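Given below, in the form of structure tokens, are the structures.
Two complexes, one shared chain (chain A), two partners (chain B, chain C).
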Partner chain A sequence: MLGKITERLFFICATISATITVLIFGFMVFLGLPLIKGGQFFHLLTQPWLPDHNLYGIYPMVMGTVFIASLGVVLAFPLSIGCASLISVIDGGIFSRILRRVVQMMTGIPTVIYGFVGLFLLVPFVRELFMGGSGMCVLSASIMLAILVAPTMILFFVDSFESVPKSYMQAVDSLGGSKVQKLIYIVIPGSWSGIMTGLVLSLGRAFGDTLIALMIAGNAVQAPSSLLDSARTLTAHIALVIASDYESLEFKSIFACGIVLYVFTTLLVVLVRSFGYASRRNNE
Partner chain B sequence: MRKKVFAGGLALISLFIFVGATVYAGDLDAFKGERGAIKIAGGTAHIPVMKEAAKRIMTFNPDIQISIAGGGSGVGIKQVGDGLVDIGNSGRKPTDDEIARYDLKMFKWAVDGVGIVVNPRNPVKSLTKSQLMDIFAGKINSWKTLGGADKEINLYTRDKSSGTRAVFWKMALSKGEVSPKANFVVSNGAMKSVVSNDPYGIGYVSVGYIDSTVAPVTLDGVVPTLDTVKTGTYKIARGLYSNTKGDPTGLTKDFIDYLYTPEGQKIIASKGFIPVK
Partner chain C sequence: MSRSLEITITGCSWLCGIVLLGAVSTVIGYLLFKGFGTLGPQLLFGSVNPLEALLFKKQVFDGLFPAVVGTLLLVILSVGIAIPIGMTSGVYMAEYANGSVKKIFSLLFDILASIPSIVIGLFGFALAVFLHRHFSEKIYPSLLISSLALAFLVLPYIIRTTQIALETLPRETRLTALALGATKLQNIIYVLIPKSLSGIISGVILAIGRCAEDTAVIMLTGVVASAGVPKSLLANYEALPFYIYYISSQYMNEEELSSGYGAAIVLLGICAVLFLFAFMIQKGLAYRALYRA
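Presenting the complex of A and B:
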């Protein structure tokens, strides 16, 4: 009896949260409908942003987001693989336990703190190092984003490293293999799909982060052409434009940004699921 | 050292509270026996005055809660119009359309200049209007052209919801072009901190925000200060407005009235603005 009720309850909860997700998408499409109907939607994706000339394209923001998020993940990836290897394979002692605690703690630091630290420490450093620009640029934002997504990636990698069957490890030990050989020949190939999933999830997190880019990427409305260019992400654009007039086209462009973000995130989730599916099938 | 400064600050604050409680108690009398909350949002130039007024009111009567948020003038007008806040601040006069649509009542309590600022280390401290327009349009892109270091000029501007931007764009740039390379910051406070951190930056802030961390730029021979704004020789100025939806009532009315009392006017002047009755 109790089991039935609980089951019902969970079913209702699941239905509600799924419905909300769908409704949000519906809401964005509905409000963005004037743009889509007029055939402007695809123009918006390719046009520049020049409100004074009646052009409200979000192309610069799409490029800004793609650049900053992917560079962030690219920077965080080697760092995370290294950290995860150290924690779960190379060092099994006290240091690895401390490192793991530190990484776990880092996942809880609010992004505004990273943004703040980046603004006062990293931005002046980048400005002086490259002798030009304001230091508020793609590079600064990507470095900060890398630090933001690394802990999540590390913990994910550690989990998948540790799900490699113990018997494989013992086999390596009995053959006299070193820890590094164990890592390269057994652990990493064995947790391939976990690594890909972690990567894709981190990309999603980097894509959706608002504050770091808003605070230290400079927010200039141009498609970045170098690492030292100031750029604006889709999320920062939403945060900056949300205050404008409801009726204006400027405000409506927000929905185009929202749709792009939503579709991209959905694609990432589908990708993650397919990795999970592939690895389950391999294991069977 | 830090401890000393902190202790000094604490002493100063308690002095303020003490003075506030004794000398000016009369101006706060309206809040006696009141309880409730006031929500304020919008213009970031207004924040120092709002904070000081709120602090005094809440110290006088702890039953009153006042929350202050930024967001820019556009946010202030929109949120008060939608009934999300009690007072929506704007650093520009709301447009006729906004006034009609939201039934806004405006209260202009100060005049404020918008000053161009650079880093104190920058030797270029004087510009003509046409130079300024060329700088923001990206036509002049090195400080060298202006007699400064051989460095690129980093432009800082505000987003469209900013009243400070609206006034600056209209009066200083004559609605001229702003380069797409310009960096965007979200408040007067953020503008001050990026320019004080960037030796090659140029931006614009409310004159009330100018202090030793940034250097004001003389425009066509006039320095933006309290005096030049007051006498009208510095032309880039605007009113600071607090807007309500319909006529203000209760606590909201008391708060706005307080800004017009001698004590309120003193707070406004002490934060670097010119109080108006």
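Presenting the complex of A and C:
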């Protein structure tokens, strides 16, 4: 009897948790409805942002997000592969143990701190280096973002590198293969699904990050055309517009941003699940 | 594979390691260098006597004290909301759910875990507006709404760590009590949960860290730059990460900016301590310290 009641209770709690996921999407769609109704939703994604002409398209923000997030991941990827190879294959000594600890610790550094240091250290540096502009640009934001997502990627790569069967490694050793040969011919090809999973997860993290882009990308509403252009991401747009009038179309547009972010991260989750990669680690 | 290519690859991977270490030590070193001078009771309490501030006798206007209190309250409330729901959901997922229900729930929790925090913040804001219109005029974006939204943010962490901690228990542990005639519920409460406690607790600590550092959720749901220590759940409040963000864009003079560096060091310190705790628990150190002393 008691068992039945508690099972019910556990089920209800799990249902509440699951409902929240659905509820968030429901709220976004419901509040963005005035924009979606006229079949305008896809127009919004391609229209420019011109409040004076009553155009509230989020195309510039979509492009800003795509540029900053993908550049961040592109910068972080080789760095992460290098670090992960060093930790699990090339160096088995004290340095790799230290590096592993540092990377684990980096996952706990608050985003706002990367933004803060980026603003006062990296932005002036970029400004001096390229002689012009404010230094708040796609490049600065991507570099900071790369440092933010690298630990996630590295831990994933290390995890998948180390799940390559020990016997394969011993086979290479007994054939007289070097560490680099082991890495290139056995470890990397053998952990393909782990690498893809890590890559997609970090793309999701880069896509959804708010503070770094908000603090150091400059927030200009324009589709960036060069690395030194200022840009605004979807996430930063939500943070900046939230203060405006409830009923305005401008305000409603942030729910369109929310929908885009939600749908995109959901697609990434489905993609990751299709790789079928099972982590050996309990948690990050 | 040629010798020179091998050397290049080895060199590149060392370079990556050094670049990463260099980057993170630059970030932390820069903060310490700029903000070390501001550390001290002055940074927290300003010109007010620390004892009087701690007893809430006097308001602190020129220190971080209200922001630290705000962050603490936020963590306690949101983790307090997330733990009961999250743990029971995790137990359900590990011990009861099966078939398509488990698959669907698991997909939904994965999605919840990946939703950007600003979208959760936007949901919290929309929820506040909804409750204000249909439920009570008194509800605005406030400490309560922020805690709820943060609880939603960390819920999937707690569910997942609970579920995984339970699922990875060895079969013998799982079957012994049942063989002795215990019911499924007794087995869960007296054997499985205590045995997987270290995994669950380290998940909770990671959730605490997430609540303490998140800025995007709270900036949409009621945090303000200056509110003092919050008087009720429905009041605005201050928080450390938002303070750092606010200072970076609105500082008036060097003194304010240096308090921003100080706040960044304090926040970093809090997160480092939490991380260390989670790490020790995973290594079983804290378990020994807590139960065998």
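Structural remarks
Convention: the second predicted complex is superposed on the first by the 262 of 284 C-alpha atoms of A that agree within 3 Å, B and C clash if a C-alpha of one lies under 4 Å from a C-alpha of the other, contacts with A are read in each partner's own complex, and residues count from 1 in each chain.
Methods note: a contact is a pair of C-beta atoms (placed from the backbone, for glycine too) under 8 Å apart; a residue touches a chain by one contact, two chains touch by 3 or more.
Just so you know, these numbers come straight off a predicted model, no measurement behind them.
When the two complexes are overlaid on chain A, chain B and chain C occupy overlapping space and clash. Once the two complexes are laid over each other on the shared chain, residue contacts for A:Val123 go to chain B alone; chain C is not touched.
Residue contacts after overlaying the shared chain place A:Met105 against chain C, while chain B stays out of touching range. Judged by the touch definition given at the top, the superposed model places A:Leu33 against neither chain B nor chain C.
In the superposition on chain A, A:Val74 makes contact with neither chain B nor chain C. Ranked by how many residues of chain A each touches, chain B and chain C are led by C. In the superposition on chain A, contact is made by A:Ala150 with chain C only, not with chain B. Of the candidate stretches 20-28, 56-64 or 218-226 in chain B, only 56-64 runs into chain C once the two complexes are overlaid on chain A.
Residues 119-120, 214, 239, 246 of chain A touch chain B in one complex and chain C in the other. In the complex of the two chains, the chain A residues touching chain B come out as 48-52, 60, 119-120, 123-124, 127, 131-136, 214, 218-222, 229-230, 232, 239-241, 243-246, 250. Across the complex, chain A meets chain C through its residues 2-3, 6-7, 9-11, 13-14, 16-18, 20-24, 27-28, 31, 78-83, 85-87, 90-91, 95-96, 99, 102-106, 108-117, 119-121, 147, 150, 154, 178-181, 183-184, 204, 207-211, 214-215, 235, 238-239, 242, 246, 254-255, 258, 261-262, 265-266, 268-270, 272-273, 282-284. Within the complex formed with chain A, the chain C residues making contact are 1, 5-6, 9-10, 12-17, 19-21, 23-24, 26-27, 30-31, 34, 84-86, 88-89, 91-93, 95-97, 104-105, 107-112, 114-123, 125-127, 129-130, 152, 155-157, 159-161, 164-165, 168, 183-185, 199, 202-203, 206, 209, 212-213, 215-216, 219-220, 241, 244-245, 248-249, 260, 264, 267-268, 271-272, 274-275, 279, 282.
Taken in their complex, chain B has these residues touching chain A: 71-72, 74-75, 78, 151-152, 154, 156, 159-161, 177, 180-186, 193-194, 197-198, 200-201.
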